[in-house]
Amino acid sequence: MDERLKVTLSGWELDNPVIPASGTFGFGYEFADFYDINILGSIATKGTTREARFGNPTPRIAECERGMINAVGLQNPGIDKVISEEFPKLKQVYQKKVVANVSGFSKEEYVECAKKMDAQDIVGILEVNISCPNVHGGGMSFGVSPDTAAEITRAVKAVTTKPVYIKLSPNVTDIVAIAKACEEAGADGISMINTLLGARFDLRTGRPIIANVMGGFSGPAIKPVALRMVYQVYEAVKLPIIGIGGIASAEDVIEMMYAGATAVEIGAENLRNPYVCKEIIERLPSLMDELNIEKLSDIIGRAHQ
Amino acid sequence: MDERLKVTLSGWELDNPVIPASGTFGFGYEFADFYDINILGSIATKGTTREARFGNPTPRIAECERGMINAVGLQNPGIDKVISEEFPKLKQVYQKKVVANVSGFSKEEYVECAKKMDAQDIVGILEVNISCPNVHGGGMSFGVSPDTAAEITRAVKAVTTKPVYIKLSPNVTDIVAIAKACEEAGADGISMINTLLGARFDLRTGRPIIANVMGGFSGPAIKPVALRMVYQVYEAVKLPIIGIGGIASAEDVIEMMYAGATAVEIGAENLRNPYVCKEIIERLPSLMDELNIEKLSDIIGRAHQ
Amino acid sequence: MGERIKQYRIISNWNLADQVYEMELEGDSSWITHPGQFLNVTIDNAYLKRPISICDWNENGLTIIYKVVGFGTKQMSQKQPGERLECLVGLGNGFTPEVFDEKKVLLVGGGVGVPPLYGLAKTCLKQGKQPVVILGFTSEKDIFYIKKFADLGCDVKLSTNDGSQGVKGFVSDVMVQEGLTNLPYFACGPMPMLKAVWRTSNAPGQLSFEERMGCGFGACMGCSCETISGPKRICKEGPVLSSQEVLWTKD
Amino acid sequence: MGERIKQYRIISNWNLADQVYEMELEGDSSWITHPGQFLNVTIDNAYLKRPISICDWNENGLTIIYKVVGFGTKQMSQKQPGERLECLVGLGNGFTPEVFDEKKVLLVGGGVGVPPLYGLAKTCLKQGKQPVVILGFTSEKDIFYIKKFADLGCDVKLSTNDGSQGVKGFVSDVMVQEGLTNLPYFACGPMPMLKAVWRTSNAPGQLSFEERMGCGFGACMGCSCETISGPKRICKEGPVLSSQEVLWTKD
């Protein structure tokens, strides 16, 4: 473990800023087949809802240039089973705390999930996904308006003492307004970005590849959008940011931290290369040497200097 | 010329749906060095403003994975010189009509540009860019609200008999609402999408690569977003759509037409491969054979069937 | 390079039937425990890997059979002997013929669902079983591997949709005609074929499924299907599911 | 493949100085009309091409010199003789020494701004001119091509920033020390060097500029700069601009 990689999120010191993103790492233990997952900064667990969900019909996956679309639709066993089955399985192979990602289709559902997560020692940060574009939750998501984003933030903050990070949707006109609303409502941090809404069509049939037509587009292709939004939000709020979107290399981690991220999450790339987080953590020290970076924490927001 | 490639935009029959996108083909004549530009469906000319503009400071270009960021900022010689110098130069090497792209920083500027373009025989369609994210025109662009989009549409429609196509920005929460507002305000068609707002940072210095920090992100990386938006707008409005965003091959043209486009514009890819439009036009007939497509016009919106 | 990402050397790569190729790979096969498992092939300039079933294997390597249907399989078909193929390995549960006590078993394959049945046939024979094999193809030009199955000593039956060889019709027609509807079965092929086999048979069986995959190793939930015992990931709890788990109805 | 996208065969590609490589290419050079023109190199897995100046050319091909600074130039440095390099050609205006009547002219190059001056020196000599060449480098390890210029018969002067070889300081210091401030000049190098040369000289000259480019052939307006006679595209009206066009001030 390299001291130079340490970063701190709301008082929680991580060994390094590398966190697999929610939905691309299950509840972590699947990856113990590939490497010792205790080397990770933390793990953002699969988006959890009050009830068990199967999610959307298949096909749920489409390939894009340097990215992919998913329309998984929050498949998960429901919060009670996550707590009674998934977390215990994870604890057998993993000794750190997690970034627990929760989602909901009503304020009450968020609140209930947050309450239950609050009682879990393994939860280091509560990451509240107000943005999932895959789910037909009756109209637009909570994440597209400052008011509803603030409402969820306040409601969740009221029932937990864990640091609350609101995970923002990029499919909005003014992401800064939404981040500010979350800050004012008491959020402890911002996770950004969730997937862009995208679609692909089958060359042979002309039909949508995804059963639900549209899905969440992510991977290296979206990185410039993520970098831009992290940069904008860093300028506007004082909260720590977990930077997400298209990260696939140690170079990308550094670039995202320059933009303003304190830590990063890595999503789609885990699916294409299950070793990517390990490779990045191993590569960071020598890359820092090449770039004359003494401590990673020195470079957070360097682009703004 | 292959009859099977013909498509019709507001009564104007194009030999094929392939149109180089505004800002990536200058005023066309530069490309006459590469091939006979009369093979093109049409040409969307460089965004034109009332006064001459130098645009933004350099660097204005950054590379991305399967795409690029530009912050040119509407460099152009101003509408009078476009009419007195650029169009005549173009006419020497090109016999068809153009899609004349205009931009502005006030309603009056749009109106003035539209009036002047209206008198030009060479203009087949007036494409009104309400979305350029590069220009600091005092706050948000006209393209992010249905009201201002409709206002510009009405104002331009009032001064021209040319078909008016409104070019939409993808950097919005609800592109359908904006497209609908344009339809109600009398637009004859929709061009979509303009660039996504993006940023990149220099690995060595940590500084933004683009002098203006952010710029317009385009190229194959953004195609899934463009396809999704074209699909959504096709569902919601009855206007013809010129599909734009990440098109780089004949396959991409077909996919965009499945989503709902009647014709397409090709942007960034012209910069990376000046022959791309020619190659696509030449490839389309054999690809149509492979896919059992009799006439291109048959497949417009096939994804919605 | 992570240890479950393996480099294979291509020994041969040749055209077996219309658009269908057989590729022999030299490299690690120690991870293969059951026929019907698969690997995930890295494709240059494509974001996701491509899942392909193991057809056959020995201590030196393995064989895959694939059909060219798009960008990735096209690229595979253009590789030359001596070149390398990168694969993520150790994927899928595979067939478990040992769960059936019966000696006589039915193997039903359609199109590029045929390859995993070859390794399965070998495993069955090793377990002292007598496999009856029904292979279904669209047309004469698509047929491959009949002789390979016969050479193993299997009883092989053939159908083509257009009747250009073998029985005209579907594999399920052969099942009925030949009175094979009471044998424990193993099936791999397109979804309509799996459903037809499942409907036609009165016995239990194992079905190998396909789905568009994100990861292939259980992380993304991209490939899930609903079963009697809850959601299953085709790549992890599958691709082989028991006939008793599917949520289909018999009519 | 469009006709201005050319395939070159790499004849040699070797390390000339610290991170600096010289690459000899066999292929079409008929498009080269002036020293200082450039081509745009295709890089695998990169979206944009990379502009590199022509250093030297003859009827069989051309030579380029490049410094490894990132992804694209690194990839170029790893290419082996016999491999191909794809380039978009016919780019840029180039130097026009013929516009000056003076026999004695000054060529000033800094770092990887040196290469185009080599072709220019040859052209000057062909036109009966006597080039005085000042080459500036950061340090000893960065120096290249001094002997090549000397072998042509040029009067060569050297500066390094750290004084490890030649005059310690900048090329402009050499201009002053050697009394070369009244010669028509040609300069290529980093922006601060161009400015220093321009400020130091009392004569007219030609300056070759660099800018991040989108297309390299005049389509995108990515590379524009403002001049006395309006905006110019570095890739099309440049990269060489007259010293009388720049909008700098003398102090």
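Chains: A, B, C and D, in written order; residue numbering restarts at 1 for each.
We adopt the following convention: a contact is a pair of C-beta atoms (placed from the backbone, for glycine too) under 8 Å apart; a residue touches a chain by one contact, two chains touch by 3 or more.
Keep in mind that what you see is a predicted model, and the values were worked out from it rather than measured.
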Quiz item: Chains in contact with subunit B and with subunit D: which ones?
Solution: none
Quiz item: If every chain is reduced to the average of its C-alpha atoms, which one ends up farthest from subunit A?
Solution: D
Exercise. List the centre-to-centre spacing of subunit B and subunit C in whole Å, with centres computed as mean CA coordinates.
Key: 47
Quiz item: Can you give the whole-Å distance between the Cα centres of subunit C and subunit D?
Solution: 60
Quiz item: Just how far, in Å, is the C-alpha centre of subunit C from the one of subunit A?
Solution: 36
Quiz item: When the C-alpha atoms of subunit A and subunit B are each averaged to a single point, how far apart are the two points in Å?
Solution: 34
Quiz item: So which bits of subunit B are touching at least two other chains?
Solution: 62, 64-67
Quiz item: Which subunit C residues touch at least two other chains?
Solution: none
Quiz prompt | Chain contact topology (line, ring, star, complete or other) | solution = line
Quiz prompt | Touching pairs - complete list by chain label | solution = A-B, A-C, B-D
Self-check item: For the subunit B and subunit A complex, residues of the former touching the latter
Solution: 62, 64-67, 69, 140, 144, 171-174, 196-201, 203-204, 206-208, 213-214, 217, 220-225, 227-228, 231-232, 246, 251, 254-255, 258-259, 291, 299, 302-303, 305
Self-check item: Complex contact set, residues of subunit A against subunit C
Solution: 23-26, 30-31, 33-35, 46, 54-55, 58-68, 70, 72, 75, 209, 219, 268, 270-275, 278-279
Practice problem: Would you pull the subunit C residues touching subunit A in the complex into a rising list? | Solution: 1-5, 46-49, 88, 90, 211-215, 217-226, 231, 236
